[in-house]
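Same chain, two partners: chain A is paired with chain B first, then with chain C.
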Partner chain A sequence: MIYFFSTILPQFLDNMQRVIGPLTYTSLNFFLFVAVTALVYFLFPAKKFRWVILLVANIFFYMVCGWRFGLFILFTTLSAYLIGLWLEHRAKASKKLLKEKKAEWSREEKKKYKEKTKVQMRLIMTLALVLNFGILAFLKYYGFFSGSLNDLLGAFKIGFSLPTLKLLMPLGISFYTFQTMGYVVDVYREKTPAQRNPLKLLLFVSFFPQIIQGPISVYDQLAGQLFEGHSFDFTRFKHGCELILWGFFKKLVIADKAVIAITTVTSDYGAYNGTTLTFTVLLYALQLYTDFSGGIDISRGVAQIFGIDMIENFRRPYFSKSINEYWRRWHISLGAWMKNYVFYPIAMSNQFLTVSKNIKQSRFGKTAAGAHIAKVLPTSVASLIVFLLVGIWHGASWKYVAFGVWNGGIIMLSILMQPLFDAAADKLHVNRKSIPFQLFRVFRTFIVVLVGYVFDVAPTFSESMRTFWLFFTGQNFQEGMQQIGSLGLTSNDFNVIGLTTAFLLLVSLFQEKHEKEYGENVRQFLDKKPFMLRWAVVFVGVLAVVVLGVYGSGYNAADFVYMQF
Partner chain B sequence: MKLHYNLKRALKLLSLALALVFCLLVLQDFVLCHADQNRERIKGYYLEDAGSLDVVLVGASEVYVDFASALAYERFGFTSYPYATQSSTILNYLAAVKEVVRTQRPKLIVIEINGALYNDDKIFDKEANLRNLGDNMPLNSNKAELIRKVATSDEIEHYVPIIKYHSVWRDDPKSQRWPQAIIADRLRGYTYLKGARTKTKAFHKEGKIYNYTLADEQEKLPLHPRAQAALTELLDYCRSEQLNVIFVRFPHIVGKGGLIRYKRSLTAADLIRSYGFDYIGLDEKYDEIGLDFDSDFYNQEHMNIRGQVKLTEYFGGYLAEHYGIGPSSLSDSQRAEWDESARYYEAFRELASAELKKGSKSRDMGGDLETQEKMQKYLK
Partner chain C sequence: MEELMQILEELRPDVDFENETSLIDGGVLDSFDVVALVGELNDAFDIEIKPNHLIPANFNSAKAIMALVEELQDE
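Take a look at the complex of A and B:
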């Protein structure tokens, strides 16, 4: 038995990994896997148990992608399962006792008991959060923490340092930890009943289309769909495929081309002038959006084939008129998670409400500015904390802390200074509904977003500071053009990026307008068009991805040159 | 009613899928591919009628540079074709021979062994050396075996080459001139030059030429283990299939590096003969062939048009004399095609000779459209 688990099974799983190869979302293997899973799923006679097919597929997917980390996801599932049941049991027991003692206990006693139960439940929930976020924090942030601490101790010449560990991250740990802890909090809040079947919970935690890059789903929204046995639906299948194709277009044709230039710059960041860096940040904005949203489109498309609707994660974020709106359109599921599980608990906490109340009752609170600050302080400070966490979530580095502080700071300032902006606009007689002003707002927001991206692009925090400096002092158009020409992309590539980005912009503008006016997406719009037009769109889309996309091992004509012939 | 609706929808879906697949296959075959002289030659091989070739030559660049099938037909009347690609190594040979047996089963298979004489894993593992052949073979078990044994990159890219070559329009726009020649061959039904090729240059070797003393050379060097294994496997196959096959090494100007390869060829010759097959080493037969090392090569390993004509006449005669490869029995249409090829080769020969005489820049000449256009004025 020990031999089986220590030798035979690992060997078998290693071989399986080697034979099947990586199941990345853009690989042929992944789509073969999806096709087989879908076939088995829809042909499985007992609809009630089709979720088991999905679960088996998830386990297979996870085993192939990184079976050595399987214990982490099992631990998260098991801890969430047990703590979920425990929370539910505690809540039910408490209610039952209160019912039994309804007549016997005084109001005070009941209140006291309720509070005691709440504290107990909070402790139980905290246990799950500490355990799971602890694992995530340790694996993801230990290096950052130990490095920073050792630097600090070194600066004070203290002869102690934390050891350096090479830690590998289990596949999708950030996403499934957030998603699962959301479930635990929902059970704690009695918003959702605890899942009694651990295998069903494992299915929710490990659903393969979303485990690598999200979206971070809410249990209430996703779980029911996962457990329901779906029948094959041609329209859903078609929409799923169209979404996948759109995702491929964004990712393979735009993002994976643009990333070549970005990587060239970041690998020798100090060698480029302000013009090139400005261009790189702009290109990064395009690449990040098309890569991330393209990947999510593929995930959602795959889920849709199985009849499962995952939440939208991007809604044309660069059309936002404020940074607040941007964060409601960008990585929506992370924003929603943060809002539900961090922002509200902080903003609505007794401590914050007390501070707000105290300001309101003070002499300063009687002034217009004071009243405003008293009103918005909890929201603005909570926003700053949320974005600090969002920054840290993106990566273990000071530059991501700066990224979070920048976004949170801007939101905090915009909330706090809103009356000033309003007054200024009134004084300047700005028509805030006019199109030029709306366009100005979009442009202004985009610039703020770009400033945030500088922290992302630059290899370190100090390099990001240098980049800002170069924006103003290092502009040299001619030299910049030369540098841009040697970033690993040909003029054909730039033409492709330019044309496809223009197409993406047009489609996005159409979608924005059409969704507002008719409440439907482009695929639904296409459904109403004649057959030939619909299929022509698909046809051209496939050809565009095949011909213009970046995939495969790559072709280099020089490899075929035989010097002697 | 619902069944009818579903059927109609399924049919629409199927027709779209088929149209897409067809379109992608056309793109893969003619546009988004690595098209060069190797592709034109190998694709041209498959245009030959089954069983119509008397001799097929398997090997690397020496085969199609030093020997011209159309000239051999004109002189000796037998049909032949070089199933060869540049830098092809011995690892490719078994699949090539199996493919020749599957498609032609000729009277004689000639295997040029230069591909067995390398001693560098990098050459054996170079993806292009496999792809020049593998990409252009039709999908069958021989291709699958070749890919399984030799591929060092993702195997799926060998079966679906568009994955590798989809960016060719960007990375190598010049190669787009080849598909036109290949399409023209396909429409015509045969290739004019039967894969022959050369360069318009006369090479002069500085330093010692060892060909003059090769007959006295006794030292033998071992083959690279991978070459030894592949050659043994090939010989086992030829013996088990009772193929009429001979092994040969076409002439090179043997310098210092070439001498090492020559010494390996002696080991290969011993192994070949131990299986009862003939081995003909032509490096030392320069005199019999009438080769002039100052005027008949364009580099140490390949001949220009003068050398090509000399070797074809010598080796063609050798095959006729020693292996009874006589004039082919062809149908009228096949004969007309071969006659046309011979006519084109004559023009090719005149063009290449004229270019060589001019002493102009060394230029590739072969089955591409540019050469064909220039040949027009020499056609009789």
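Take a look at the complex of A and C:
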């Protein structure tokens, strides 16, 4: 028995992992896996238990992607399960007792008991958060902290150093940790009932289309759909496949081509001039969007085949008119998570509201500027904290701290200085509703976003500072064109990227307009077109992906950027 | 209700709070407005609005906000 668990089973799982390999979204095996799962799911006679098929598929998916990490996800599920149940039990017991003692206890006594319950519940919820985010933080940041600390100790010639550990991240740990902790807080806030079946909770935590790179789903929105047995629906199937195709187009035709040039630059960052670096940052904006949103399209498309609607994660973010709006349209699920579980609790905390109240009551608060600052101070400081967290979430490095400060700082300043901007616009007689002004706002926002991307692209914080310097001092068009020509892409590749990006832009403009006017997406729009046209579109799409897509040896498409988070 | 209307109008003079019924779902109020509003409501009505009260249904109209305030006052 021991021999089985210590030797035979691990060997078997290792072999399985080797043969089937990680089921990357762009691999053939992934599609065989989805097809088999869908077939079994829809043929399974007992609809009530179809969720079990999904769960088995998740476990299989996770096993072949790295079964040794399974314990992490099991721990997160189990801790959320037990703590969720306890929180619910405690809240119910407290309400019951309060009801029984309604006549007996004074108002004060009731208040005291309520407070006691709340403190207990908050403590237990915090335990879940500390344990799970603790694991995530340890795996993610140990290298950063031990490295920085060792440097510091070395500088003071202290003969002690933390051991260097080579830590691998379990697949999707960021995404499932965020999602599961969202569930725990929702149970704590009594927004959602605790899940009584641990296997159902495991299904929610490990749902395979989302585990690699999100979207970070909300329990209330997703769980019910997962547990409900769906019947096969041709329209959903078709829409799902179309979305997957669109994702492939973005990922394989645009992102995976662009990434070749970007990697060439980042692997020898010091060798390029300002023109090339400007071009690289622009290309990065394209690659990051097409890679991440393309991956999400594939995830959502796969889920849709099973009849499950996952939340949107992107709404054409580069059309945003302010950085604030950009963060509502880019990585929407992370933004929503941060808003619900970090921003509101901080901004609405007693401390923050008290500070704001004190300013308001002070003499300064009676002035127009003071009143405005009192009103927006909690939100602007809370925003800055949120963006620091988002920055650090992207990686343990000072450049990501700078990324957070940049985004959060701009938002903070724009809130604090809003009245000044309004006054300036009035004084200059700017018509803020005019189309040129709106375009200017889009352009301005895009520049702010690009500045943020520099921290992403540059290997270190000091390199990012040098990059800004080079933007102004190191521009040389002729030399730049030569450098760009030797980034590993042919001029033909650049033509393909240019044309497909122009197409992407046109479709995005159409989506923007059509959604606003008719409230339907492109797939719904296509449904109403003649049969021949619809199939022609799909055919051209498949052809584009097959002919123009990037395929290394044996379909080894590049990993998704956001997999590593 | 009058006090509430006054707070709302001071917060966002450009919004028709009498008739608007999807303040949150329709994106009329953003998260910054909501936090400012919560601060005002807590002070004016001596209540404590917590993040768990922040569901769209509680803030979609002036009537809904009033209902939340009354509920919290009863506690």
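The rule is short, and it goes like this: the second predicted complex is superposed on the first by the 543 of 565 C-alpha atoms of A that agree within 3 Å, B and C clash if a C-alpha of one lies under 4 Å from a C-alpha of the other, contacts with A are read in each partner's own complex, and residues count from 1 in each chain.
The definition used in the following text is that a contact is a pair of C-beta atoms (placed from the backbone, for glycine too) under 8 Å apart; a residue touches a chain by one contact, two chains touch by 3 or more.
Remember, it's a predicted structure, so these values are computed and weren't measured experimentally.
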Touched partner set for A:Asn340, first chain B, second chain C, both or neither: second
Touching partner for A:Gly549 - first (chain B), second (chain C), both, neither: first
A:Lys357 touches, of chain B and chain C: first, second, both or neither? second
Which superposed partner A:Ile323 touches (first chain B, second chain C, both, neither): neither
First, second, both or neither for A:Ile124, with chain B first and chain C second: neither
Touched partner set for A:Met348, first chain B, second chain C, both or neither: second
Partner chain in contact with A:Phe531 - chain B first, chain C second, else both or neither: first
Residue ranges of chain C in contact with chain A within the complex: 30-32, 34-36, 38-39, 42-43, 49-52, 54-55
Contact footprint of chain C on chain A as seen in their complex: 189-191, 324, 339-340, 343-345, 347-348, 353, 356-357, 375-376, 378-379, 382, 415
Residues of chain B that touch chain A when the two form their complex: 9, 12, 16, 19-20, 23-24, 27, 32, 34, 36, 61, 65, 86-87, 126-128, 131-132, 153-154, 156-157, 160, 162-172, 175, 199, 299-302
Parts of chain A lying in touch with chain B, wherever the complex brings them together: 21, 28, 234, 490, 492-493, 531, 535, 538-539, 542-543, 546-547, 549-557, 559-560, 562, 564-565
